[in-house]
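Chains here go by letter, A, B, C, D, E, F, G, H and I, matching the order in which they are written, and residues are numbered from 1 within each.
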Amino acid sequence: MSKLVRFAADILYPVVLIFGLYIVAHGHITPGGGFQGGAVIATGVALVIVAYGYREVTQWIGKGGLMAREVVGLLGFIGTALVAFIFGMPFFYNYLAGQGGLFGVPVTYGPNPGELNTGGTVPLMNFAVGIEVWGGLALVILYLLSGLVPHDDHEKEGS
Amino acid sequence: MDQWLIAVLILGCLMMLAAVRLILGPTGPDRVIAVDTVNTFTIAAMVILGVVYQEIIFVDVAIVYGLLSFVATLYVAKYIGGEL
Amino acid sequence: MSVLTQTLLTGTGYWNSLAWILGIAVALVIAYLIWARGEAGWKAGTSQTEPFISGNPEPQKRQVHIPSGNLYWGYLEAMKGYYERIVPLHTGDLNDYMTWYLSVMITILVLVVVFA
Amino acid sequence: MILEFVWTHAPALLVAIPLLGAFLCPVIGKISRTTRTAWVAGIMLVSAIVAFILASRVLTEGTVLYSFGAFDPTLTIPMDSGGIPIRIIFTVDAMSAFMDIICATVGFSAIAYSLSAESRNSGLEGYYTLFLLMVCGVFGMVSTGDFFNFFVFLEILSMASAGIIAYRVDGGVAVEAAIKYFVLSSVGAIFVLFAIGIYYGQYDALNMAVIASRIQWSTLDMIALVMLVAALAMKCGAVPMHFWTPDAYSMAPSSATAFLVVASQASLYGLFRVLFTFYNVTLNAATMGWIIIILGVLSMVVGVTMAIPQKDVKRLMAYHAVSQTGYMLLGVGVGLAVLGNQPLMESFGYMAMSGGVFHILNHALYKGLLFLTAGAIFYRIGTRNLNKMGGLGHNMKWTMIFFIIGALAIAGIPPLNGFASKLMIYESVFIFNPVLAIIAMVVSILTLASFVKVFHSIFMGPQLPEYAGVKEAPPSMLLGMGILASLAVIFGLFPDLVVTTLVNPAVHALTDQGAYIASVLGGA
Amino acid sequence: MIPFLVTTGIAFVGYLILTAGSGTIGLWSPTELIMGIILAVVTGVLTRNFLCRSRDYRLLSPGRLLRLLVYVPGPFFIELTKANLDVAYRVITGRIRPGIIRVRSNLKTDLGIFMLANSITLTPGTLSVGIDEKTNDLFIHNINVGEGDEKKEYIESKDLFTLVNLPSWIRKIAERDREGEVS
Amino acid sequence: MRKIVAGLILGALLITFVAMILPLEFGSPRMSDMDDYFIRYGQEQTGNNNECTAIVFDYRGFDTIGESTVLFTAVIGVGIMFRRFFGGEEVEDE
Amino acid sequence: MAATLDIITSALLGIGVVFNALGVIGLLRFPDLYTRMHATTKATTFGSIFTSLAVIVYGLATFIGKSDTQYLTLAIHAFLAMGMLAFTNAVSAHALARAAHRSGQFPAQAVCDRLAEAKS
Amino acid sequence: MLWNLPYLAVVIITVIGLAAILLKKNLIKMMLGINILQSSANLFLISLGYREGGIAPIYTLAPSTHMVLPTPQALCLTSIVIGLATSALMLSFAVIIHKKYGTVDLDQIRRLQG
Amino acid sequence: MIYEIFHILVLAGLVISASLTFWFRDLLAAVLAAGFFSFLISLEFYILQAPDVAISQAAIGAGLSTAIFIIAIRATGRYEGGAP
């Protein structure tokens, strides 16, 4: 794409990123959450990809890094759930809610604008899912685009 | 409060009118601008509906829309331009 | 242990594991006896291993081999009318697959509604 | 200590361990081949052990409940939620334990087999990831007690299956098979989602026990029943909707095919769960039973007749899989047709259902074994075309023995396991309707005939010159086949062991709707 | 290091704008501020090479920022209004004389050409169709090409705007201070 | 032929679905015990103002891990499709 | 107070809707792609800015009246949506026009086409 | 007032999606049909949970606490993700099919038959 | 009243855009119609008070889904049943 679009992508990518992270972080008090925020960020990556083209982007954003992001997100999710076993609780027990400290501040009941540090394990899981979706959806786009760029191997075994 | 609802209704009608160009449009880019127009109206309608419902948080949806429909347009444009 | 030797009741059938093990053992003993009656003069690598077909030379392995397509020729010929109808149904067309699926769904629905 | 922990948390670990293994597999696969091998085999072994522990717990204690995220039962079924569980509950009854055991056994054998069978391919960490995800999907589908959760695991299973069917990309035929399977299964899954919506809209509940306890026979329930039955019957390959089966089974890698059999049986489990646990006697049992019987008979006949002229060995076996699915549907359908009638149930209904359910286990064993032997042959000679094969018995003796065991078992020759379940089906169905039993026997004979052909054309005959240098399959493949073959023989010799300990509890768990509801909702 | 700081700062400001009205420290609550710093650092680490690709920090000086803030609702909005009235006139009457012309911009920086192109797209009956990547010349589709303009090789960018000289504003915002330094 | 069959099927499905929606009533769910429980107690039990997130990540968290797994499966599947091959690939035969 | 607010917001909404309508009419009426793009890009952006402005004015006025911070948030978020809209609309219009020109679609009734000349 | 119109829309959209699946020969078109079908299922779920005059199930400073049912929204989120994953996998299959067969016409993607 | 009319308009738009997706033979136009469908269904979710789902559908339908479909069209071919 032209220089203007590339410049716009450069400007918009941080904006999209911070906005996606905002959606992820506020998943438990405003609409949004891990999946939505992750999808927003992944769309930001797709924006960079479309502005600069597949070959150039793969030098900055590797598939390995995205896959690592996805695996880390999933492990964080399942790990957050598994930690409940250490406390002798069942799988997916919300062991932080209402306990005070990090993310455990008791909420005021009824309509209120909400505090960030409530919700127990939910914000942690939100972040984990956000990271996972970020990696996953960006990888899907990269892989599909790699189907358009002919590799040498593909050329050979295509017959 | 009626003015908000009337504005939303008119925007809805305009959306349908823009869909006419989506049907007629002889070439790809014509259809793309029709969809782009619908998209703009959707965002405007969402912002106004946020006031109608008295729910401030709903406006976030419009921001997401504004940011992301751009990407789809870029992909289509890149495809039409033969660069993809 | 009792479960191992119990008889499986199938209404009219009879299935005792002990009886089967016994039967297999007897069969093995008989097989051993037959095997033991054979002569011990066999040697590998001699002309003993080659087949003797009325003194003629051994045909090519390829010619002796019967490929599977030639098996059951008679059966396929007899059932030709059936196969001519059933094989073309497997068109390999995805639309047909979907059509079959949805039509079976509709049929079941009609049956259920009618007989309800 | 650890045993106690596993004993308590077995239902959660059953899904969590394969998931963890799958999530780490792409990373660990990057380190080295041996690490990856050890990781995959270890994960599969551990989850198999957990499955067996869970099964033993179910068989000793009765239905096991595990609710995610709450110890306190009042948090799961609180006083003022109208008696509806608010969290996801895993309800592992005897039928689920039965399916868990099948999945664990076949999964472990197939993994052991695949360690050397697939070693020549690229992208192996993806392969093993998808395999573990399939295992996870089957475990989740069979042990969940929440209907939406069932849908999610169904999607995981079908997606992982589609990926694994398309695994050998080159040529494109595998991808074609995968896309056919995947389009069908995703449309089916959408209908399942519609059915979930209908249940939710009517009863405001997603828990299976709650739906079962409240279900009536209204129009909406009828439509939901039809959607579910059609979708799940399609996914297990009943006849007018079986077209994807030969495509997918013949094109997947062999170890995955052995597991795809289990995957389609998980859908069969879902079908039985819907029919027996949800509707049970509110259903018009005779109509629905006859529908299932007709599907089963069609599957048997069409499957076996289509199998005979096939040239591709795996495609032939896939048609046999369709045919064997017909036996299960027939047995269980007869049980369903007489469901409300207690004397008839006592005289032959339970027996027919035991036959059908026992056949699930047997089919998984011998069909898995047959697919694995076909894969071993393909691994060594590089073709699946029966016309090009011949004389392999000289080179691959162990494979031949395993193939004989599998072929005789599928044909129902005593004393192998196929005979036991088929005998139960024949005799009970004969009382119900003699024609059906005769059809079943004829199909069995045709199965034997078809496998005689396969056996003859693969192993018999003179040693062909182009296959002179063919060696025996590698040891890990033999291990995988050996496990299944020995189980087939043992279950054939001691069928009563299985029938009394596993199958009869499973059948009673299926038919007894009240016990299922009571175990979740407590009392009443 | 500077790109990281700049990006982090901008991201933090963005986060603060998004969460305004959440608490009592100014408009923000303490947890929001802490979370904002963390997320801004993450954004800074990941996108520092995108936002500051050209290593051009001119816009950071307060004077230019102020001018930008004045520019958007001021001259730009006036032109926008005028352009829309123009479009309304043409929509109703259907009187058009389109053509693609070349505009010499004399802008060097990416930001400058970006602002000019967007201003052109949104303002008088013009639409930027292409850009010459070397000389930063814009190709513009004009809905009503002036008499005689189609003969010229190129036209100056300030001729496009009738009320306010937008290119000079952009130059003051995005380019070097004195035009003499442009080389 | 195909069009006729498809038309019949679609017509039957249309009737089925219309029969499906007729007993339902838009705007007033038949029962809402479970959801009323979520609305009433969700905030104090999990500390989430957003009940939807509370359900997604707490009450039905296990569904969500299934959902993430579905996405992961899709990514792995797509990755397998577009992988680079090395020599010695298994060959298909017809 | 409330009546004044109603009048102001109604006026802003009215302007916005009118310009949006003009944009759609232009979209339907103009002969070729580029002129249509003129209509949609400018008019709908301008119209949507005005509808958003109505929301912003409403939010700020209510914030000042009730001193309830959520209305401030409403105004800010509406402002952000507006900004995003203007920004992305301009860039996507440019990208689309460029792509259309690259794909060989030239303006109808054009008096001159320097880009095609420059490319050839 | 509104009667069952959203449900009616769901029905029509579902039938259109199924028609695309049954009649269209192009794989991509078929996938668009599946996409539409998936969306209609989502819309069905959300419509089930709507309560007349309810507000979104989020405790902000909204005027009342008469909320729409939250569970269908949670289910719908899951189902949307599943739909996207399905589309991605299917499209990658279609791309590979085109690479190997040179077509996405279903009449020609029939090497597996009989 | 106005609100209901708007609601009905959106539902009608949904049906129209779905049939357009079915009807177009140019796949690019079909994908654009699917994008239009996605906008409208997101607006419908918004109207039905499900902002979470609306954001999700916006992010998926507006951005990623269209992009993926466009890439697939580029990789396969633009016209259904061969070029016109």
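By definition in this document, contacts are C-beta pairs under 8 Å (C-beta built on N, C-alpha and C of every residue); 3 or more make two chains touch, one makes a residue touch a chain.
It should be emphasised that the depicted structure is a prediction, and the values quoted were computed from it without experimental measurement.
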item	value
Pair exhibiting more inter-chain C-beta contacts, D-H or A-I	D-H
Greatest separation from chain C - chain, by CA centre	E
Between chain F and chain E, distance of the C-alpha-averaged centres to the nearest whole Å	43
Computed distance of Cα centres, chain H from chain G, in Å	31
Intercentroid distance (Cα basis), chain H paired with chain B, Å	20
Chain E residues counted as touching two or more neighbouring chains	18, 21-22, 117-118, 128, 130
Overlap residues in chain B, where contacts from two or more other chains coincide	6, 28, 32, 34, 46, 53, 55-58, 60-61, 63-64, 67-71, 74-81, 83-84
For chain C, residues contacting two or more additional chains	87, 90, 92, 94-95, 98-99, 102-103, 109
Chain C contact footprint on chain D (complex, rising order)	179-180, 183-184, 187-188, 191, 217, 222-223, 225-227, 229-230, 233-234, 240-241, 243-244, 246-247, 284, 286-288, 291, 302, 305-306, 308-309, 311, 348, 351, 355, 386-391, 414-415, 420, 423-424, 427-428, 431, 449, 453-454, 456-457, 461-465, 493-497, 499-501
Residues of chain D that touch chain F when the two form their complex	19, 22-23, 26, 68-69, 75, 78, 80-84, 86-88, 120-123, 126-127, 129-130, 133, 136, 140, 148-149, 152-153, 155-156, 159-160, 162-163, 166-171, 173-175, 198, 201-205, 218-220, 223, 382-385
Contact set on chain C toward chain D in their complex	3-4, 6-8, 10-13, 15, 17, 20-21, 23-24, 61-62, 64-69, 71-72, 75-76, 79, 82-83, 86-87, 90, 92, 94, 96-98, 100-101, 103-105, 108-109, 111-113, 115-116
Footprint of chain A on chain E - complex, ascending	7, 10-11, 14-15, 18-19, 21-22, 29, 31-32, 35, 39-40, 42-43, 46-47, 49-51, 53, 110-111, 113-114, 117-118, 128, 130-131, 133
Chain H to chain F touching residues, read off their complex	2-8, 10-11, 14-15, 18-19, 22-23, 47-52, 57-60, 65, 67, 69-71, 73-75, 77-78, 81-82, 84-86, 88-89, 92-93, 95-96, 111
